[in-house]
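Labels run A, B and C following the written order; every chain starts at residue 1.
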Amino acid sequence: MLMYTLKRLLAGVITVWFIATATFIAMHQVPGDPLMNDKAVSAEIRANLEAKYGLDKPVTTQYFIFLGNMLKGDFGISFTQQNRKVNDIIRDHFPVSATLGILAIFFAATGGVLFGALTAVYRNRMPDVAIMFLVILGISVPSFVFAALGQLMLVNINSLFGYSVIPVAGWGTIWHMLMPSLVLGLTTMALLTRLMRSSMLEVVNEDYIKTAKAKGLSPTRIFFRHQLRNAILPVVTVLGPQIAAITTGGFVVELVFAIPGLGRYFVQAVQQLDYTVIMGTTVFYGAFLVFMVIVVDILYGFIDPRVRLS
Amino acid sequence: MRHITVFLTCLIILFQDASASPVDFENQTITVAIEQEPPQLNSAKATDQVSGMVLGHLMEGLVRYDRRGRVVPGVATRWEMTDDKATFYLRKDARWSDGKPVTAHDFVFAWRTALKPITASEYAFIFFPIKNAQAINKGEMPADQLGAIALDDYTVEVSLERPTAYFIKLTAFVTFSPIREDFFNAKGDEYAANADDMLYNGAFIMPEWTHSASLKMVKNQNYWNKDNITLNAINVDYITADTRARLNLYTDGKIAFTRLDGETYKDALSQRFRIRRFTTGSVFFIEYNHRPERVTSNINLRKAIQHVFDPDEMVNRVLAVPGNLRGESIFPVWLNGVEDKFRREYPAPTARYSVATAKQYLERAREQLGGEIPPLVLLVGDSPTATKQGEYMQGLLLNKLGLEVKIDVQTFKQRLAKMTSGDFDMVGAGWGPDFDDIMTFGDLFASWNLNNRGRYKNPAYDRLVRIAMNSTDPKTRMDAMGEGQQILFDDAALLPQYEQGIIYLLHPKVKGVVRRVVGADPDYTHAKVIP
Amino acid sequence: MSLFQPETSMFEPLETQDGAEVITRPSLSYWQDAWVRLKKNTRAIISLNIIILLAIFTLLGPFFWDVDPALQDLNQVSQPPSMPKTALVVGSYQSWDGVTIENYEPPEDYADSVPAPTNFRTEGKPTTQVVRLVWDPVPEADGYNVYRNVREPQGFADLGLPLGATYGDELSYEDRLSLESRDYYYSVVPTDGIDEYEIFARLVITPQLAITQEDALERGLINRIDDVAIGELVEIEFHPLGTDYLGRDMLARLMEGARVSLFIGIVAPLLYVIVGIIYGGFAGYIGGRFDVVLMRFADFVVALPFLLFMILFKIAFGIGPGESGIMPMLIALVLLMWPATARLVRGQVLQIREEGYIEAARLLGGKNHYLIMRHIIPNTMGVILVTLTFAVPAAIFTEAFLSFIGMGVAPPTPSWGSMCNEGVKTMLSHPHELFFPALLISITVLAFNLLGDGLTEALDSKMRSRD
């Protein structure tokens, strides 16, 4: 097991290196550069800026400088937030995104597993149909709408009570996090609901379930010990990458709810071609994703001992 | 049922929020939101609106603008101006936030720093009227050769490269703010990165700055004019670019100020909020590519477009937000002329809307260009407004003139790259003023200006710009620009679309907030909360 | 103890019965069987009907509703669905000098309070083309602000939209700002040049819906300029589902947008789910080092910054201005989107390949290819179909996002996704601009969900007993 994990970590490091390299090349292929701005600057100032940020060197040299700094864990200084280190940006804003993301995943996973199991149990009956319609609504309306509507709902609740019951936006307390994480987790919840339903239906006719019934086990025990555990694998598979995606990709939700997360840096960095922030966030995200995938793969073995990985 | 009531009551108690009101009369505090994190609070390098707004409260230059846009004393109490020299006499009671006096050296140091090649400030050009400034910026001279010196601790003497009528007004600009040498050097690259990496001499200091989340500005107890500052604190508690989110915060009583847009104002109207209007002073226009290989270098084609474009329709039906003014000239209506507003003294020539005339021009253009006119490429940014305006132009030219327009949607940097390399026929552009003088717009279409991305070149216009730049006589300058305005129109050098207007909400208990065309906007410095 | 020993004599042959060994029903392969069961599934049938209806809407709709989806009508911007309307024909707009005071002298001092302007009135007939307001001067004022509200103001703070300001010598205001035929409450407030005095005069006006003669001619509402005289009524274009922010017909745009959205929403997910199935299936089935390498490549693809690579693809494919980039976008989507399905399928395969029946099939000499296609993939079908149905709206919205950065369809070509994105911004004031495209996307997604459910049930032999 330990050997396996170590091997996987090594493969992960190589993956991250590949990600960094591909992104580095792509970034330099895209027209424009971080120094361009609405107001044109003179050739002299431009040359000064290039020299200052080392952009006057050949791209290959820049790449090796970047690799060297990356190994030291230093991603340099942002171009758009000119006095801030990329490391500081990640350190300051990732915890916010992570908190929000974990809460969102919690909502999504509990909701998804619960509703999914419910729809499987009541297959083709009222609860199944109702939940399916909600799911369809949840995925065919852009998340921006839910964010806006969720916030509007809070405004209305507050005006009903006459004062701030739940904060409309901002960050700080658990109450600030409720609505944004709910909105953020909505699509994942919908996906997990359907996945759970589908895999529950596959499990429900398996022999071991029949055996369990024949043994006279209580329905609750059958549900939790046999059905759920066997059906949850796809949910776990999806969760790994989803955790990585959600904790860094909540751009819209962060915008609407004025949350100081990493998501907005992710999107803005590409728009602004902020080289250092693109590389910093991409490498960080890549490493996080690879790590989550390893965790999921190891979890497979625990959830379903039949699964052999190596 | 009783359980539910108890539960709800518990919830309500738990949910109680301390900052219940966006305005506090007792403590003279207001809470607002800004659209983005200020990207650069080093005054020598700041370029954007948000940083300018924050810095306008934290720093004070030699002079400042009052609410009617007149120049009033800042750190300088008085100044003298001749054709080749400007002398500023500083007040002795101006203090930095750590209590030390603000001296002439702090200004000279700040200006030299901004001009040094290593600083690579994008606004270095604003110092170019000062002697040797351009040479220093190019690295041809050491920074201590700058024509600005501290005669003593409280006198700044500036030698000018050429007579500059608007130099005093220029010194109100944020890049001219002082920086103290010892503090700046101690902080190095980290200067202005965080709240404790800054030193303030303005009406407010910034004790807290949580990146991307909030910042807090508190009255500066060392500010020389602190007795005339009523507000104790400006809390910027929210940072979001989403207008609807900010409207929701305003509705919820969390912020005292928010800008609206065409999509949200109807919602604000239905809440019966008092909507206010402000013209930002920026001009938006279609810039043509005048490079000879482009069809848009043909004057008759441009004239044809000029005659079917109706700025009234643009303002009233497409933008459909109050406050926008019809675009008629590169010179906006607020610019001062000799005695009155420039545009009242020199009315902008306008083309009468006429499809028939336009078609005549188009016919001439076709002959000159040898038959068919290829589809025009209209470069636009990836914002919804830009696309919408592009689609409008596309429909207009197709329906009225049968001209096909291809919209080239590009993300920010890719658009700039295409603008710089000249890979477009038309591009949606805008220009905002840096200082309160006609030259902030006047030299935009001068052939040497790098922001003249369409490479418009007319020697007659260049000559007029030089006259206006080098003269100090208002009449001569305005006559030159009046003539220039006519040339730009005759050449159809650009297609003015609108002067930008915005609408916003301001809490009725907050008075004295100043909206500015030039400088920190909105300016809360002299605001107060009434009971 | 002796064992019972049967002897032949103990048995008597039965008479041969015809037909006992004959298979009464035709032999069905797995897929034929699935098809039969699919046809019996009500949900699947409903979904097929919906899909047919959508196809009719997309392909035949434009023949019945022959309106140019790109044609702008700035007389009818953001109109909700309504019945046909008639408009007053007016002459073309003539600029108006307004009312100004000759030899105006601004007040020497700013007064503390002033009286309200009097004789606030309109000049000419107020129409949706123009409303001209005039008032008498207030001696101490040095300017006026003009407001407009759609409901009766409840006092000074509720005057509504600040239309504009005038200098002290200007006693008139011309309002042309997106006028509609409804009640307007105009107010005029005197100012000292900057600040307002808290007093106002009010006027209620209902402008009449109007269209200029030139406009009517250009839009083909009349054939000749003298067909309809000024002052007569003419029927203007009818928009059954209302119009968008440039006055374009929603119904026509929905029909045109359907082509892009349905194409990208169906083809892209199908393609990348198929790639994902094959990739994930082999990775999971073969396992070991092969699995590690394949899945690390999948991680690599997932972690690439989507926006950056889309911009890169756009340049790599050389999409010029105004060109439709549907095919490049399809390729780009397939290149970047397959890993999610691959990972999911691989996870399922890892679990299923250890099942008894796989082992049994293998022992019976089943080849890998046969095992994957015949046993493993059908058993992961439920999960695959779920991802497929989820990929439909995701692809539709991704298309909209990519159009936004200049990669998908070029304006003015609409798509449901981009119509949604536009509609979101005005969802409270003009809900129809969001509602209709969102409804169509929902219906599409619903159809695919029902079809997915139907297929799952049809393909899963274990559920046969339930039918």
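Just so we're on the same page, contacts are C-beta pairs under 8 Å (C-beta built on N, C-alpha and C of every residue); 3 or more make two chains touch, one makes a residue touch a chain.
As the structure is a computational prediction, the values presented were derived from the model and not from experiment.
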| item | value |
| --- | --- |
| Pair sharing more residue contacts (C-beta pairs) when A-C is set against B-C | A-C |
| Reference chain C; chain at largest CA-centroid distance | B |
| Chain B and chain C, separation of their C-alpha mean positions in angstrom | 35 |
| Averaged-CA centre spacing for the pair chain C and chain A, given as whole angstrom | 25 |
| For chain A, residues contacting two or more additional chains | 30-31, 148, 152, 271 |
| Residues of chain B touching at least two other chains | 244, 411, 414 |
| Junction residues of chain C - those touching two or more other chains | 311, 421, 428 |
| Complex contacts: residues of chain B adjacent to chain C | 67-68, 244, 263, 265-267, 269, 272, 274-277, 312-313, 315-318, 320, 322-323, 375, 377-379, 382, 384, 387-388, 390-392, 394-396, 399, 405-411, 414, 503, 508 |
| Parts of chain A lying in touch with chain B, wherever the complex brings them together | 30-34, 36-42, 44-45, 48-49, 52, 77, 80-84, 89, 92-93, 148, 151-152, 154-155, 158-159, 161, 163-171, 175, 255-261, 264, 271-273 |
| Interface residues, chain B side, partner chain A - complex | 11-12, 14-17, 20, 33, 37, 39-42, 45, 47, 117-122, 124-125, 137-139, 189-193, 197, 210-214, 237-242, 244-245, 248-249, 251-254, 411-414, 416-418, 420, 450-451, 453 |
| Partner chain B, residues of chain C touching it in the complex | 70-72, 74, 77, 93, 149-151, 154, 157-165, 176-178, 194, 218, 245-246, 311, 320-323, 403-406, 410-412, 421-422, 425-426, 428-429 |
| List of chain C residues in touch with chain A within their complex | 287-288, 291-292, 295-296, 299-300, 302-305, 307-309, 311-312, 315, 340, 343-344, 346-348, 350-351, 354, 379, 382-383, 385-386, 389-390, 393-394, 397, 420-421, 424, 427-428, 434, 438, 441-442, 444-446, 449, 456, 460, 462-463, 465 |
